[in-house]
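Shared chain: chain A. Partners: chain B in the first complex, chain C in the second.
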Partner chain A sequence: MTKEHANWSPYDNNGGTCVAIAGAEYCVVAADTRMSSGYNILTRDYSKIAQLADKCSMASSGFQADVRALQKHLEARHLIYQHQHNKQMSTPAMAQLLSNTLYYKRFFPYYAFNVLGGLDSQGKGCVFTYDAVGSYERVGYSSQGSGSTLIMPFLDNQLKSPSPLLLPAKDAVTPLSESEAIDLVKTCFASATERDIYTGDKLEIVILNAEGIRREYMELRKD
Partner chain B sequence: MENSSYSLLSSEADSQRTLYPYVTGTSVIGIKYKDGILMVADMGGSYGSTLRYKSVERMKPVGKHSLIGASGEISDFQEILRYLDELTLNDSMWDDGNSLGPKEVHNYLTRVMYNRRNKFNPLWNSLVLGGVKNGQKYLGTVNMIGVHYEDNHVATGFGNHLARPILRDEWHENLSFEDGVKLLEKCMRVLLYRDRSAVNKLQIAKITDEGVTISQPYSLKTFWNFSAFQNPTVGAEGSW
Partner chain C sequence: MMKIDFSGLEPNTSSLRGNLNEFLSGLSTAPEFQIPNTNDFDGFQKESIQMVKPAKGTTTLAFIFKEGVMVAADSRASMGGYISSQSVKKIIEINPYMLGTMAGGAADCQFWHRNLGIKCRLHELANKRRISVTGASKLLANILYSYRGMGLSVGTMIAGWDEKGPGLYYVDSEGGRLKGTRFSVGSGSPYAYGVLDSGYHYDMSVEEAAELARRAIYHATFRDGASGGVVSVYHVGPNGWKKLSGDDVGELHYTYYPVERTSVEQEMAEVSIS
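On to the complex of A and B.
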């Protein structure tokens, strides 16, 4: 008597790519707006970026229902934090919360691949990169999702990250200006769109700096 | 409905969980048009490969501002309608002049579907939720694992494969009612030709700020007079 197996999967991959780059006084978080399932495009205009706090944004790709549930969870937790501490959560604090939230479901994971971007309490840009079960690291830049394998090596080449083996640890934050970083992000997505079928339609860029938050959009190939 | 077992893995609980659908409805298509939302679904309820039921209403109004269309397991749809009844009842009992809009109903349905998926006991449906409130049009969809989105046109099942491409080409902002109906009928005709679970008895529903109207059932004209069908064996000699 063997146990019957479910003929449905609780997971789906709705595709998409996310990128984040940290600068001296800014942080750029970007993701495409295509939502797919298998070989179908479900919609061309779905945002994968959530604003968790005033100076903290998260871009997530993977299984959309899990991504949305994760965003709602963190938004709710941030609201409670504000009620209890009378201030916004710092980006490193949110980073730890996200890690703990993901690991909490270690044995039925959120199929979400996240990059968290924001300004730390000194106003410097910070980027945290995650796997699906909460393992995370602060980095100067990162990409996740279906196009990450295409984008990450390019970012490594362009942003000349110092070796993590150096002591004392060298700052990984890029010396690029804000507009140079935005151009770099646009280039990354234009390239990834060429070769990754799940990336395309439109690019959404969120820029966080001392003045606040602003959004930019760029059309991508729709094929 | 809730099982009283202590573990998700015990065999007692297993007999309570959905494994596969039994009586199913096929595609639902929804589009935004000038005055609101247009939605279409046929009236078939298939039992596997048998077209068992031919008068199933797969679209229903929800509250004052919304319309739900469902494909997939019909009994799960009826369950969802009971949930929505409770939701709209509680909403009107507040008696505060406010009523649930389509965005809120869609969000509620998304949470219900996702939470059932988390418990490995899904409602085996793909839902289309459309509506208008205070002049704002809304059209969204959610499926059995909780994947959801809104767009100017949505479709479930085969509709995603056959109707969406037509809609991507021919839908535009501010469609008139007549043009919208023509567009949906074009999509349904293609589905009739190509989806084996489609039946030629459909309803079109319209929702505007004034309210919901669901049409009487009717059929589409189909065309089979292609010359290739007249003499099907022409050119077959010598081939396998």
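On to the complex of A and C.
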């Protein structure tokens, strides 16, 4: 007697790619704006980047309904934190909050692949990269999503720095300036768009530094 | 006989406060995990693990010797065939005198080790003395046993120094808990065991033990595709743990397998095209 299996899945993959790069005094978080489902493009103008705090942004690819729910959850927790502590959450604190939030849905995961970028309490750039169930790590750069396997090797080639696990420790700050990092991100997405069908349309870049937050856009191939 | 009403002392698990409880209770209650509304829980978990592809694949080892406990691990995280990170911290510092190692699902290990660290700290505050390695490993094993069959993947070793001296336990997500003197866990463990077992003496010095641990992990990374990155070696002594070394395995290769000059037997000669 064969068992009937569910034909309906609660998940869908809306594609897209996210990248984040940390510098000495800035952090760049970028994502494309294409939202797809299978071979269909649902919209060319969907932002995958959420601003969780003054100095903290999160870009997520995967299932955008889960991403939206996750963003709302984190924004609510941040508001409560601000009421209780009378200050903004620091990026490392937000990073651990995101990890715990993802793990609490360990048996019904958020289908969201996230990168969190921001400035730490010393003003240095930091990027945290996650898997879908909450394991996380502070890194100098990261990419997630459908184009990540195309972009990561390129970033490793351009930005690879000594591992933080080495002893004696070697300094691991990305030596790029802010404008060089932005150019690098644009190059990454232009290349990924050529070879990944789920990446394209437009690139949204969020730059966080001591002066505040700035947004830049760049057109990508729409095919 | 009237029973005393203790209901007010129980942790607040009721739905009186609704969704707000989830936000404000923090750690006063055990984590409540949402379960998907499906008939086929196991099938759903299998599918979602396929989709989520959590990071795993590793080599970790720990052994007790005369001077304490030596703990070593690689730093690679793989998602299927893709290397998602070469710099994962697989040796988790639970407190200044206890270490845990990570093998299996990265998120599972990170989350439950962090939870264990909190419980150990609460034990210290409640009992005014440090928790023993036996106690800490039992806390973790009991939690993992209660989630047995739900798909957690944790293969960890708890290493520490308490009043009874050095202690080492292996704990896994099937609910197993073993006390021992030598363990290696992960996809690269067979290779590490080979080197570790052949070179082990109880009376090693700290440097000799560190070198043995480093070699064992290096050889595992050489042969196991899911292990690599940086070998971290920690020593746990009577004053707590200390990180002894962190070496990139690519560099270690040239110290353990130095290139030897050999005479060229067959030289490639130019062939004229005419």
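The working rule: the second predicted complex is superposed on the first by the 213 of 223 C-alpha atoms of A that agree within 3 Å, B and C clash if a C-alpha of one lies under 4 Å from a C-alpha of the other, contacts with A are read in each partner's own complex, and residues count from 1 in each chain.
Just so we're on the same page, a residue touches a chain if its C-beta (ideal position, glycine included) is under 8 Å from a C-beta of that chain, and two chains touch if they have at least 3 such contacts.
Source: prediction; values computed, not measured.
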Looking at the overlay, what does A:102 touch: chain B (first), chain C (second), both, or neither?
-> second
Which partner does A:68 reach: the first (chain B), the second (chain C), both, or neither?
-> first
Is A:7 touching the first partner chain B, the second partner chain C, both, or neither of them?
-> first
Should A:46 be classified as contacting the first partner (chain B), the second (chain C), both, or neither?
-> first
Of chain B and chain C, which one touches more of chain A's residues?
-> C
Would you check which partner chain A:37 touches, where first means chain B only, second means chain C only, and both and neither mean what they say?
-> first
Please indicate which partner A:176 is in contact with in the superposed arrangement: first for chain B, second for chain C, both, or neither.
-> neither
Going through chain A, the residues touched by chain B and also by chain C turn out to be 3, 6, 9-11, 108
Hey, which residues of chain A end up touching chain C in the complex?
-> 3, 5-6, 9-11, 76-77, 80, 99-100, 102-109, 111, 129, 131-137, 139, 149, 163-167
Given the complex, residues on chain B that touch chain A span 14, 19-20, 110, 114, 117-118, 120, 122, 144-151, 160-161, 164
Contact footprint of chain B on chain A as seen in their complex | 3-4, 6-12, 14, 35, 37, 40, 42-43, 45-46, 63-65, 68-69, 108
Note: in the complex, chain C contacts chain A through residues 23-24, 31-36, 38, 40, 43, 45, 47-48, 51-55, 75, 77, 79, 82, 84-89, 105-111, 150-152, 229-230, 232, 243-248
